[in-house]
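Here come two complexes built around chain A, the first alongside chain B, the second alongside chain C.
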Partner chain A sequence: MRKQFWIQAKDEIIKYTVSLLLVFAIGAIIILIQGGDPLESFAAVFQGALVGEGSIAKSIRWITPCIISGIAATIAFKSGVNNLGIDGQIYVGAFTAAMVGYAIALPTGLHIPLTILAAGLAGLLFALVPALLKLYFKVDEMITTLMFNYVAMLLTEYLALKFVGFDGSKSPEQVATPPILESAKLSLLFPPYQATTGIFIAIGLALIVYLLYRFTLKGYELKQVGENMLFSRQGGIRVKRTYVLIFLLSGLIAGICGAVEIMGPHGKFRPSFATNLGWDGIMIALIAKNNPIGVVIVGALWGLLKNGSFAMERMTDTNRLVITLIQSLFVLFVTVDYKAVWAKIVAWNEKRKMKAAEGASRHA
Partner chain B sequence: MLSIFFGSLTLAAMIRLATPLILTSMGGLFADRANIFNIGLESFMLISAFFAMYGSYLSESAFVGLLFGIASSLVVSLIFGVLVLHFKSDVIVVGIAMNLSAWGVTTLLLDGIFDTRGSFMDPRIKSFGTVDIPLIGDIPYLGKIISGQNLLVYIALLSVILVYIVMFKTPFGLRLRGVGMNEHAAETAGVNILKYRWITVLITGVFAGISGSFLSIGGISMFTENMSAGKGFLALAAIMIGNGNPVKVFLACLVFAYTDALAISLQSYSIPSQIVLMLPYVATVVVLFVAGIRKARAASNPLG
Partner chain C sequence: METIIKLIDVTKRFGTLVANDKINMEIKAGTIHSIIGENGAGKSTLMNMLVGLLEPTSGEILLRGKRVNFKNANQANRNGIGMVHQEFMLFENLTVLENIILGHEKIKGKWFIDKEKARKEIEDICEKYHFPLPLDALIRDLPVAVQQQVEIVKVLYRGADIIILDEPTAVLTPQGIEGLFEALKFLVSKGKTILFITHKLKEVLAISDSITVLKNGRVTGHVLPQDVDEVKLASLMVGREVILTVDKPPKTIAEPVLEVRDLTVKGDDGLDKVKHVSFQVRKGEILGVAGVAGNGQRELVEALFGMRRIEQGAVQFHNRDVTQLGPREKRLLGIGYVPQDRLRLGSNTKAPIWENTLMGYHLTEPFRKKIVLDKKRALQYAEQVVQKFQVKTDSVNNNVRNLSGGNIQKVIVGREFLLDNKLLIIEDPTRGIDVGAIEFIWKQIVDIAKSGISVLLVSHELNEIISLSDRVMVLYGGEVAGIVEGEDINEQKLGLLMTGGQQGHA
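And now, the complex of A and B:
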C-alpha cells in the first residue's frame, strides 16, 4: 500500500518537474525570439520575488489572494461542482467589503470581522442562485456562473459609478468607491509594503478546509458527493443539501478573497480590479489536485511568479505576459493524462507490429 | 427616444455586432451537439483576430488576412482537439488555460512583431469593404439596416441557413444529432464518435476563424489586446439558449447584439450602459431557468 503510494507520488513528481522545466524552456525561447535574455529575465523574476524584504512582502501581497481563490475553487471542484463564477463572487464580495468598510464606523476588533463576514455572505448569496438552479431545474452551473461573472462585474461597476457620477467625464481610473475607514484595514506586516495579515486568513482557511476533509464526517460527505453522487445517496448522505452547501462555501470563500483584497492592498473598490483572480484560483486548484495544502504551495508559487513578473517587466524589456503564458501552458501540460497517452502509443505500436507480422506471414 | 430603440442606425449596429457572435456560435453549436463544452472559443477568436490582422498587414489584402485568420484558428482547434479528444485533458481546464494562453500569445506577438502594446493600427491593414445590395438597399428603412454592411456580415447571415440545412437535412447532421442525444446508441449504430468529434472541433475552428477575422479586419482595421472580450462566452451562452438549434441560436445572438447596440446609443446620452450591458447575461440565465422549469414539468408528468 505504502509502496504503491510512493510509486504514484514519484510519477506525479516527475510529471510536474518535467512540465515545469518544459514550460520554462518554452518561455526562454519566447524571450529569445523577443530579443531578450532569458537568463537575465528569469533572474529578474527570482530577484523581484524573493530577494530582499520588499520583494518578499510584495510576493506575500500576491500569494494571499491566490491561495484564497484557490481554496474557493478547491471546495467546489473537489466535490464536482463546476463553479466558474469565482471571479464574480470575488467582485461582489469586494464591493460589499468596500461598502461596509466605508459606511459603518466600528472599533477595529469588530469592524474587520464584520467586513469579512459581510463580504463572504455576499459571495455566498451570489452563488446561491446558480446552486438552486442546478439542483431543482438542472440548469448547467457552468453557464450560469459564467454569466453571473459578467453580471457581477457590470453591477459593481454601475454601483461604483454612483459615487462619482454618471457624467462620463471621469477616466476609468477615477471611478472608485470612497476609501474604507482605517478601522477596517488589515494591518501591514512590513510597512510600507502591501503585505497584510490577510496571509494568515489565507493559510487559516486552507488549514480549516484541510482539517474538514481529513477529520470530519461532513468533510467525508463533501468528498463523497463529488466522487459518486448515486453512491452517496444510497449511503444516506443528503445529496441535495450537501451540494448546495458546497456551492455556498465556495462562494463564501471567494467573497472573503474579495474582502481581503479591498481591506489590504486596494483600500477601495475599483471596477475590474481583480484581473483573472478567479480563473487563477481554478488553475491553482487544478494543479494542486484539489488538495488544500497543495493549494498553499501552488498558490505561493503563483504569487511569487506574479510578483516576479512585475519586477521582470520593470527591470528588463521582457513583457510580463511571458510569465502568464508559462503559467497557462503549465496547466495545459499538467492536465494531460500521460499514462493514458503512453498506453495508447504502446497499443498502437503493438497493433502495427501485429499487422506487419500478419503481412509477413501472408507473404510466406 | 424611439430612434434610439428602433432607429436604423441602432439596428444596423445590431447586425454588425451580432456577426462575430453568430459566426462563433454557428461553429460552436456543432461541437455542442457532440457534447463538447468548449469555453475556449474565446481563444480561437483572439488568435485568429491577431493573425487576420497580420495576414492583411503583410499582403495588404483582406482576403489573405481572412485565410490567415481561419488557418490560425484551425491550428488552435487542432491543439484543442488533441488535448481533449486524445490526451483526455479536462475540457473546462483546457478552455480556461487556452483563453489565458491566447491572451499571452497575441500580446507577446504584438510586442514582438510590431513593438507596441495595447493596440495596433496601420494603413497597410486592409479591411473588408462594405457591400451595397442593389434591390434591398433601395427599401427605405430596411435597406439602411441590411445593405451597406461588410462582406463577412453577409457570410454570417448565410451561414445560419447553411448550418440549418447541414444539421437537419443531411445524413451528417442526423448522425451528429444522434451522437449528441445518445453516444452509445450512435456508436452501436456504427457511427465513429471520435471522427465526428474531430469534425465538429475543426468546423468550430473554421467558423471562429472567420469570426475572429471580423473583429480585426471587419471594418476597423486594427488589433487590440484581448479584443474578443467575452464574445466567446456570449456565443456559448447563445448556443445554450438556442439548445443547439441554429435558428434559435441566431435569434439569441441578435438579442445579445441589440443590447450591445443599445448600450452604445445610450452612452451618447450619458445614461450608464452597465445595466443594459448586463441584460444578455441575465437573459441567458432566465431563459435557461424557464427551459429548466419546462423540463422538470415534462419529467414529472410523462403523459403531458
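And now, the complex of A and C:
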C-alpha cells in the first residue's frame, strides 16, 4: 500500500518536472524569437515574484484570488458539474461587493462579513439559473455557464456605467463604481502593499472543502455523485439536490473570490477588472486534479508566475503573454501520459534496431 | 482432418501477471472447438492474440502450418480469422446491408460505394449458409437472434474461414440457441471452423467436436464431449467439485410483501415497454421474471425501484403505497437492489471497496443523522462483506476497478444482502461470472429467501430462473405472458411463453 503510494507519487513528480522543463524550454524559444534574453526574463520573473518584501506581498495578492477561484472550480469538477461560469460569477460577486461596500455603512466587524456574504449569494444566485436550466430542461451547463460569463461581464459593465459609474471621468476605461467604505476593506498584511487578509479566507476555504470531502458524510455523497451519478442514484443519494447544491457552492465561492478582489486590491468595481481569474481557477483545478490541498499549492505557483510576469514586463522587453502561454502549455503538458509516450518511443526504437539488424544480416 | 491453428507454448504476460502460460492447442479445420474457463482464466487474452488485438510475449501461433504474428485485427481478418463479439458491434440506425459492408465497402468509380455489387455478394452468402436476412431492415427493428446472424454474415463477408464466437448464447432464448447451433453445424459442414467460447457447460457438451479447458491461464484439459459430463467439466474449470443444483425448500403461502397492479411504464423511446402488469411477491418467496432481453424487464425493475416514472398503476409495499417513491425512500423502507449493470449502476469502480459497500448503508441509523462520516464503522462493514461473501482482495482500501467481475458482483450482492432489507430486486446476478461464484451467489439467494426475505429475481439465464424460483412470471412484449409454478417451471414451457407461443393463465 505504502510502496504503491510512493510509486504513484514518484510518477506524478516526474510528470510535473518534465512538464515544467518542457514549457520553460518552449518559453525560452519564444522569448529568443522575439529577440529577448530568456535568462534575463526568467530572472525577472523570479525576482518580481520572490525577492524582497514588496515582491512577496504582491505575489500573495495574486495567490489569493487564484486559490479561491481554483477552489470554486474544484468543488464543481469533483462532483461532475462543468461550471465554466466562474469568471461570470466572480464579476457578479465583485459588483455586489462593491455596492454593499459602498452603500451600507456599518462597523468593520459587521461590514466585512456582510459584504462577503452578499457577494457569495450573488454568485450563488447567478449559478442557480444554469443549474435549473440543466435540471429541468437538460440544457448542457457547459454552454449556459460559458454564455453566462458574457452576460455577467456586460451586465455589470452596464450597471456600473448606467447607475453608479460617476467617478468624475467621461472616458469609458475609467468607468467605475465609487470606492467602497474603509469599513468594508480587508486589512493589508504589509502596508502599503496590496496583500490582504484575504489569503486567510482563501486558505480557510481550501481547508473547509478538504475537510468536507475527507471527513463528512456529505463529502462522501458529493464524491460518489461526481464519480458515478447512476450508482449514487440507485444507492439512495438525492442526486438532483446534490447537483444543485454543488453548482450553488461553486457559485458562492466564485462570488467570494470577486468580493476579496474588490475589498482588497481594487477598492471599487471596474468593468473587465478580473484578468481572466475564473479561467485561472479552472486551469488550477485541472492541474491540481481537483484536490483542495493541491489547489493551494498550484494556486500559489500560479500566483507567483502571474505576479512575476507583471514584473518581467516592467523590467524587460518580454511580453507578459509569454507567461500566460507558459501557464496554458503547462496545463496541456500535465495531461500527457508520459509513460505511454515513453513506451511508444522504446517500442519504436526497438523496431528500428530490429530492422537494422535484419538488414545487416541480409547484407552479411 | 487437417490442423488449421496450432499454438505452441503461447505465453502472454502483463507486467508480472501471466495471463496465458504456455498454451498448447490444436484446432482441426471444419470442427467446432470450444474453449471454456472461468472469468479470468485467460480465454479473452487467448482470443485477442488470435485476432491480432494482442501480441504474444513468447511462443508461436501457426496458421495452416505457417507462423503468423498479427499486428492488428485487419491482418487477422485478411488471413481468414473473424470474431463475433459478445456485445454486438452494430449500428442501430443503419440497415443490415450497411452494417455488413461497413469498413469493407465495394468501391465504384473512385468515390462511390457499389451497394449493388455488395448486395449480390451478401445475398450469395446468405443463401449458401442459410441465413435469411432482411438486408434493408434497420438493425434496431430486428430481434437479438437475427442481429447475431448479421454479425456472423459480416464475418463471413470479410472472408473468414475461422469464426470465433464469444459467449454467443448469452442473449438468446432456448429456441434461439437451437437455431444458432443449427447454423453453426451447417457452417462447419461447409468447411468453416468455429471457435466457441463459453462458460455454459450444457451447450459445450451439445455442440463441440472437442473442448479445451482453461484455468488460471493454463490448459487443464483437452477433452472430447463424449468422454465427459457437466460435473467433470466443471471440476476441470474450477479445480474442485461444483454443485450447481440447489435445494428449494417447499414454501407455505404467505402474505404478499409487494403488490403490483396494472403497471404501465414507458421506455426511453417513449413507447410503452411495460403494459398493465400485475403480480405479487410473497414473504420469503423467490419470484423469477423470465423473458427474452428487451421485453420490458429493465423498465419494470427501474420503475419498481423508483428510477423510472410510472405512467399508470400502483405499487404497494407492505400495504403502503410506494408508487411515486424514489430509490432513496425505497431503500429506507427496506428494498434492496442488485442491478444488472454492475460497473455503471452497481458500483463505483473508481472508489475503494469500502466506499462501495457504504452506499445504501450510509442511509441507515448509525450514519444517517450525523455530519461526520463514521469511517471505522464503514470499514468494519466492508470487512464483513468481504469476509462473508468471500471477496478475493487483501484490503478493503483496494479499488473496485482492480477486482474481477465475479468479485465485484460479490461486493454488490454482499452489500445488499447484509443490509436489513425486506425485499431484494435482483437483476442477472450471475451474468458473465464464473461457475464458482455462480454457485456461491445462488446459495446466498436461496438462503436469504429461507430467512423470510422476498426476492424478485429478473434473469436472462433461464437455467438460473428454473433453479431458484418458487414461481416464474414470463414477460413477452411488456405483458405478462404467464405465471407458472411447481412442475410447470421447465425449459419447454417457459421457452414457449417467452416467445409468445402460448398464452398462459395470467
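Please note the rule applied: the second predicted complex is superposed on the first by the 329 of 364 C-alpha atoms of A that agree within 3 Å, B and C clash if a C-alpha of one lies under 4 Å from a C-alpha of the other, contacts with A are read in each partner's own complex, and residues count from 1 in each chain.
Keep this in mind: a residue touches a chain if its C-beta (ideal position, glycine included) is under 8 Å from a C-beta of that chain, and two chains touch if they have at least 3 such contacts.
Fair warning: this is a prediction, and the values are worked out from it, not measured in the lab.
Participant: Compare chain B and chain C by how many residues of chain A each one touches, and report the one with more.
Facilitator: Chain A has more residues touched by B than by the other partner.
Participant: In the overlaid three-chain picture, which partner chain does A:103 touch, first (chain B) or second (chain C), both, or neither?
Facilitator: Once the two structures are laid over each other on A, A:103 reaches no partner at all.
Participant: In the superposed arrangement, which partner chain does A:276 touch: chain B (first), chain C (second), both, or neither?
Facilitator: first
Participant: Between chain B (first) and chain C (second), which, if any, makes contact with A:9: first, second, both or neither?
Facilitator: After superposition on chain A, A:9 lies in contact with neither partner.
Participant: Name the contact category of A:216: first (chain B only), second (chain C only), both, or neither.
Facilitator: Only chain C; A:216 stays clear of chain B.
Participant: After superposition on the shared chain, which partner residues are touched by A:151: those of chain B (first), chain C (second), both, or neither?
Facilitator: Only chain B is touched by A:151; chain C is not.
Participant: Please indicate which partner A:325 is in contact with in the superposed arrangement: first for chain B, second for chain C, both, or neither.
Facilitator: First partner only, chain B.
Participant: Give one of first, second, both or neither to describe whether A:347 is in contact with chain B, with chain C, with both, or with none.
Facilitator: Touch partners of A:347: none, neither chain B nor chain C.
Participant: Please indicate which partner A:237 is in contact with in the superposed arrangement: first for chain B, second for chain C, both, or neither.
Facilitator: A:237: touches chain C, not chain B.
Participant: Using the superposition on A, tell me which residues of chain A are in contact with chain B and, in the other complex, with chain C.
Facilitator: Touching chain B in the first complex and chain C in the second, no residue of chain A appears in both lists.
Participant: Name, in rising order, each residue of chain C that touches chain A in their complex.
Facilitator: 305, 307, 326-328, 331-332, 337, 339, 344-351, 355, 358-360, 362-363, 367, 370-373, 375, 395, 397
Participant: Once bound in the complex, which stretches of chain B touch chain A?
Facilitator: 37, 39, 83, 86-90, 92-94, 96-101, 103-105, 107-108, 111-112, 117, 230, 233, 236-237, 240, 267, 270-272, 274-275, 277-278, 281-282, 284-285, 288-289, 291-293, 295-296
Participant: For a test of understanding, state which residues of chain A touch chain B in their complex under the given definition.
Facilitator: Touch residues, chain A against chain B: 30, 33-35, 82, 84, 129, 133, 136-140, 142-144, 146-148, 150-151, 154-155, 157-158, 161, 166-168, 276, 279, 282-283, 286, 319, 321-322, 324-325, 327-329, 331-332, 335-337, 340-341, 344.
Participant: Within the complex, which stretch of chain A touches chain C?
Facilitator: Chain A reaches chain C through residues 1, 215-221, 223-224, 227-228, 230-238.
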